[in-house]
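Letters A, B and C name the chains as they come in the text, with residue numbers starting at 1 for each one.
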Amino acid sequence: MKVKKLVDQNFILSKLNKRNNVFIHHTAEVSENATVGKDTRIWNNAQIRENCQVGRECVISKDVYIDIGVCIGNRCKIQNGVSVYRGVTLEDDVFLGPHMTFTNDLFPRAFVADFELHTTLVRKGCSVGAHATIVCGVELGEYSMIGAGSVVTRNVPPFSLFYGNPAKFHGYVGCNGEKLSFDDNGIALTADGKKYKLSEAGVVLYENE
Amino acid sequence: MKVKKLVDQNFILSKLNKRNNVFIHHTAEVSENATVGKDTRIWNNAQIRENCQVGRECVISKDVYIDIGVCIGNRCKIQNGVSVYRGVTLEDDVFLGPHMTFTNDLFPRAFVADFELHTTLVRKGCSVGAHATIVCGVELGEYSMIGAGSVVTRNVPPFSLFYGNPAKFHGYVGCNGEKLSFDDNGIALTADGKKYKLSEAGVVLYENE
Amino acid sequence: MKVKKLVDQNFILSKLNKRNNVFIHHTAEVSENATVGKDTRIWNNAQIRENCQVGRECVISKDVYIDIGVCIGNRCKIQNGVSVYRGVTLEDDVFLGPHMTFTNDLFPRAFVADFELHTTLVRKGCSVGAHATIVCGVELGEYSMIGAGSVVTRNVPPFSLFYGNPAKFHGYVGCNGEKLSFDDNGIALTADGKKYKLSEAGVVLYENE
């Protein structure tokens, strides 16, 4: 258990800043063993621990905690007070609403030194609402959306809208967050011109023609 | 994106302190463009952003975040870890329990630069319980009370008690928090001598005679 | 309302550190009137207020708030962002998951100066999941387990698993978190060799033979 020397940290961070246009608020603590991508901003009292990888153009807001070894993709927005624990992986374009939290232990006990870490994977474009809790061991599918205050206890398919405690399926949403209405051929169009296909395997996005 | 210079800030804050008896903990960050009323106390790591207006005799507790341009009335108590986002307005005498949060975007996506901001209005005397989530676009009525851990998704009438996920109506409460029992004439009295009238339009408080 | 002088605090803390192997992060604020046991670690931006007693080998994580006069046993693990309010007592070996919170006022109002404080007792070995809310005035029994995102509104018996909003009984768990399956004699064995007896009075642990 060693405290990072603030002098060394600031020295390293100021170099980072110059090289990569990374903004790190003076109250944030970023491990010298973490890598932070270009144009990422890290705000008040945020903490990024050893061996994390944070992508480009991310926003890490006030009081956020990124645990040891966590990988975060590009253009992720992590709102105030979020904890991303070890075992969680975020792909690109993930939105984590204010004060949501992850977990990594199904049966935590204070007196058990070692625990079985359960991983959680958050796929590209997923959005998690404010105050949601993600119980570990699940996958949140591409562009899925988790409502505010939800408790997620199982896998969420791509483009699905889940909410409640426990969170349940409440239809499909597009990349822009619009609810999808499928016609008889299982096709849905959204206002931004995107086209989605519903089949037994779930929803897929057609690339724009 | 510019970092406030700590020296300037402290200079301004120390003047504020002398003039208005405002207390600002040395770890809090208050924008020089925010106005803070007399006798308000701002605690550890709280952040008050540009163009906020915070009233008199408020308590802004540890780790609270007040977003750009938010207006907060007099005598509000905001407990630990609360985020009050842009688009939220608090009238006087509002209580925000620990770690409750607001939102301001119904369909957040990390990759959407502009979003439609939905406003939230919290009326005079309202209390919001610990860990509650207020989904944006609603009005919390005068002296209404939101139970701990609730997820509020619609308007809450004055003097109403709401709780659950989603939060539902569970009766009426008085200014003192006491449950209201109405007689055949739709009149309820509380221990503090206040009188309430229930009609089709909802509950109103009679001024003390 | 007086601000602690940082110089005095650091002086006292550095003495504490030498005497007791206590680790206190340089951003944490520990009252000089609090007592902190041997080998306890206190992390970023945590705050421990006047007259608290924190036991030995505890972990007090990032942004945790321990209110005036709170007593915390030995080997407790308190995760990020937890608020332990006045009136709460933790026995030994308690786990508090990330961003869970306690409360101490059933009908909070911003404009009521004095309120009736309701106490909460967390018994030895209890675990509280992430984001759970404990409404004040309850007892969480020995080795009970509260699921993530729960809202607890009543007493939880020893070895019980509670979850949901409001939290309800969902069976029994052992010290190791394993679900207990009782045979016809009301005896359950767990993988770690421990033996439990179910009777009308609830579940008790037999000491290992």
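Criterion: a residue touches a chain if its C-beta (ideal position, glycine included) is under 8 Å from a C-beta of that chain, and two chains touch if they have at least 3 such contacts.
All of these numbers come straight from a predicted model, not from anything done at the bench.
*Asks:* Chain A-chain B contact: same residues or different, taking over half shared as same?
*Replies:* different
*Asks:* So what angle, to the nearest 5 degrees, turns chain B so that its CA atoms land on those of chain C?
*Replies:* 120
*Asks:* If you average the CA atoms of chain A and of chain B, how far apart do the two points sit, in angstrom?
*Replies:* Centre separation, chain A to chain B: 28 Å.
*Asks:* In chain B, what residues contact two or more other chains?
*Replies:* 27, 45, 63, 81, 99, 131, 165
*Asks:* What residues on chain B touch chain A, complex-wise?
*Replies:* Contacts found on chain B: 1, 3, 6, 27, 29, 45, 47, 63, 65, 81, 83, 85, 99, 101-103, 106-112, 131, 133, 135, 150-151, 165.
*Asks:* Within the complex, which stretch of chain B touches chain C?
*Replies:* On the chain B side, the touching residues are 23, 25-27, 41, 44-45, 62-63, 75-77, 79-81, 93-95, 97-99, 125, 127, 129-131, 145, 147-149, 164-165, 173, 175-178.
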